[in-house]
């Protein structure tokens, strides 16, 4: 038997309960969100500062606090939307588990570009990589969404879905990449766009009545 | 459709089960509480100390141990009271999820001002920022409390609530900010107040019989 | 009303479900156990080592690996025994929650004395402090045990308890403190005792048939 | 009574529910997977880089990103297979808890060899130790598997098991150790094998129909 022969076949198998997938995902979201504070350890502080010197050093570290805050809000946004995605699914097959794991891998990466952006707030590459990472995260999220809609969604939940939800979700990657591009014009533009993008996803998009706000 | 048009409208939607909100919150509380020990890594120790030298270095690091201890107790206090808050709510809407997330953001920040206070125990700004952070945390907690009381509380739980609970909760911010102010007189006063404040919240305030201790 | 007046009265109140106490505790156990690996980051390695140089540096770091291993086993031991303790309790009051939180505080401290013992394996104070920390942890665990037996245990579970269980539990602190004392004679004696002590607690002591191994 | 007398006897006792074992395991998997990103902090970056300099520094850190990615996928693979293992078991005895804890100990070690391999990608010992660690993890996993099959599996689940599953699982250690050996020929060979090995375990092996892929 060639063990790799039926690799993709195997991914369509499996009927896993969602409990431990939620537990593993929530664990990674929570740890990633909390590890962001470790980035603030990189703030360089004088050895025996007066209050004034300490205050100045902290004010100079404003980009690091901003990066931390933007990142936390984005991770919380992904957590909230992920929550709804798993609620949409009735079970999981191995393909869904692996798309979810690759998504979580890039979610756990978030503290790295956050630190980079905080430390080099005037370097367009550092600021841009933050946007690229978030775009990759959103694209993986959309992939997970598409997979669930196609293969593991509960029929009664599918009926409530906005048929345009996947198309609307591309607002995320486009917005993050626009921010990444504008970082080369002025970093403040990128910070602004990174801050505004999660507002669009403040609630999950996949509910039909989202398309009819008057309802 | 203007995607931001109905932003605040959307926040009032949603009927989320509390399970994953608890899991995410407990994860952040647990990681934040445990990461506090990483602050003790900043203790500067000699390279090849004799027992006496090591002992002296550890005694000199007493403010760091005190900061760690005070912080852990405060995080545990927030966890306990948060536990009760979610128990009071019957479900969550998106507004509640986001107030909770912003509260958790500042909860996950706690290791930073703790490290600052531990490293610069004689710097009134460092010691004061600890109190300010805790006041912000408590105000966000009160905001979450008020939101739940108004929108998502279970009726049978509401009946057990002390009507003055929100007013009493302001003891927290006032006390932490008093400590932050007194740090400019003498840091030891601030440490004392930070240590005493959680005692007031050692049990949740929101039970009616709290107002009638003789019952 | 004097807010501190009824402090101890309030601790006897409360009828909390055990679910979130388990979640918070398991989170702290898991994070503390996993953070231990961060102590191995302190191993000093050459910049561009040959395999031989790297091998020598890792062999020289043997005490750090030993400390990590002993600590992980001890945390796992506490987790297993804590598991049974909560199973013994039917509910929690605020006193139990706070004894548990203080116990978890010292559990989350474990990475610090572990790093100290790993870095200064020939310093009797460093090696001794590890034993003292573990003794404090065990004493707090015994306190939690006694509290549950007295106030919150389920009657049907109480009947299965070994009446001598609290007395037997003192083997732990005595053994850890003996190790801490012997660190001043030779550190290897302390390492040996720290390694052997958890074997006594490899299964919870609180089951009556533990006293009758022939059963 | 000799407390160690009945050590192995005691390990066969116990009838523990699986809930908290899952919670502790998922916590360690999630924290270990997320801590891997801390290894990327070791990337040495210039102080005030131009975008070009920063880009070059990040490209030079490619082995660290590769190590992080391979490690995350391997931890996710262990998590998925562990999930199924606990699903196979109906309950746990103390022996199973301890084999599981020792397995989790080496799982929590993963960030260390990952950092080593990322920092010294041309050092065969550093690259080889990664494979050895993964082989040890897989052997412990096989031990846990064998123990569950023999002692705690649910009969209805046992019937679905491939009788050759344990033998097939040895593909893992053999493959990781082959990679570790080939690291001495060329590190790229080891990276390739470490990357390919998890593909074999992309779905659990223990389902009978795995042996009959045409089904």
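Each chain carries a letter (A, B, C and D) given by its place in the written order, and its residues are counted from 1.
Operating definition for what follows: contacts are C-beta pairs under 8 Å (C-beta built on N, C-alpha and C of every residue); 3 or more make two chains touch, one makes a residue touch a chain.
Only a predicted model underlies this, so the values are computations on that prediction, with no experimental measurement involved.
In this entry, subunit C maps onto subunit D through a rotation of 90 degrees when their C-alpha atoms are superposed, rounded to the nearest 5.
In summary, the pair subunit A and subunit D forms a contact in which the copies contribute largely different residue numbers, shared numbers making up under half of all those used.
Averaging Cα atoms per chain gives one point for each, and the point farthest from that of subunit B is the centre of D. Mean C-alpha positions place subunit B and subunit C at a centre distance of 25 Å.
Between subunit A and subunit C the centroid-to-centroid distance comes to 36 Å (mean Cα coordinates, whole Å). The residues of subunit C that reach two or more other chains are 23, 26-27, 30-31, 35, 38, listed in rising order.
Considering their complex, residues 1, 3-7, 9-11, 13-14, 16, 20, 23-24, 26-28, 30-32, 35, 38, 94, 97-98, 101, 104-105, 108-112, 115, 119-120, 123-126, 129 of subunit C touch subunit B. Interface residues of subunit D facing subunit A in the complex, by the touch rule stated above, are 22-23, 26-27, 29-31, 33-38, 40-41, 45, 49-51, 54-55, 58, 68-69, 72-73, 76, 79-80, 83, 171, 199-200, 202-203, 207, 209-211, 213.
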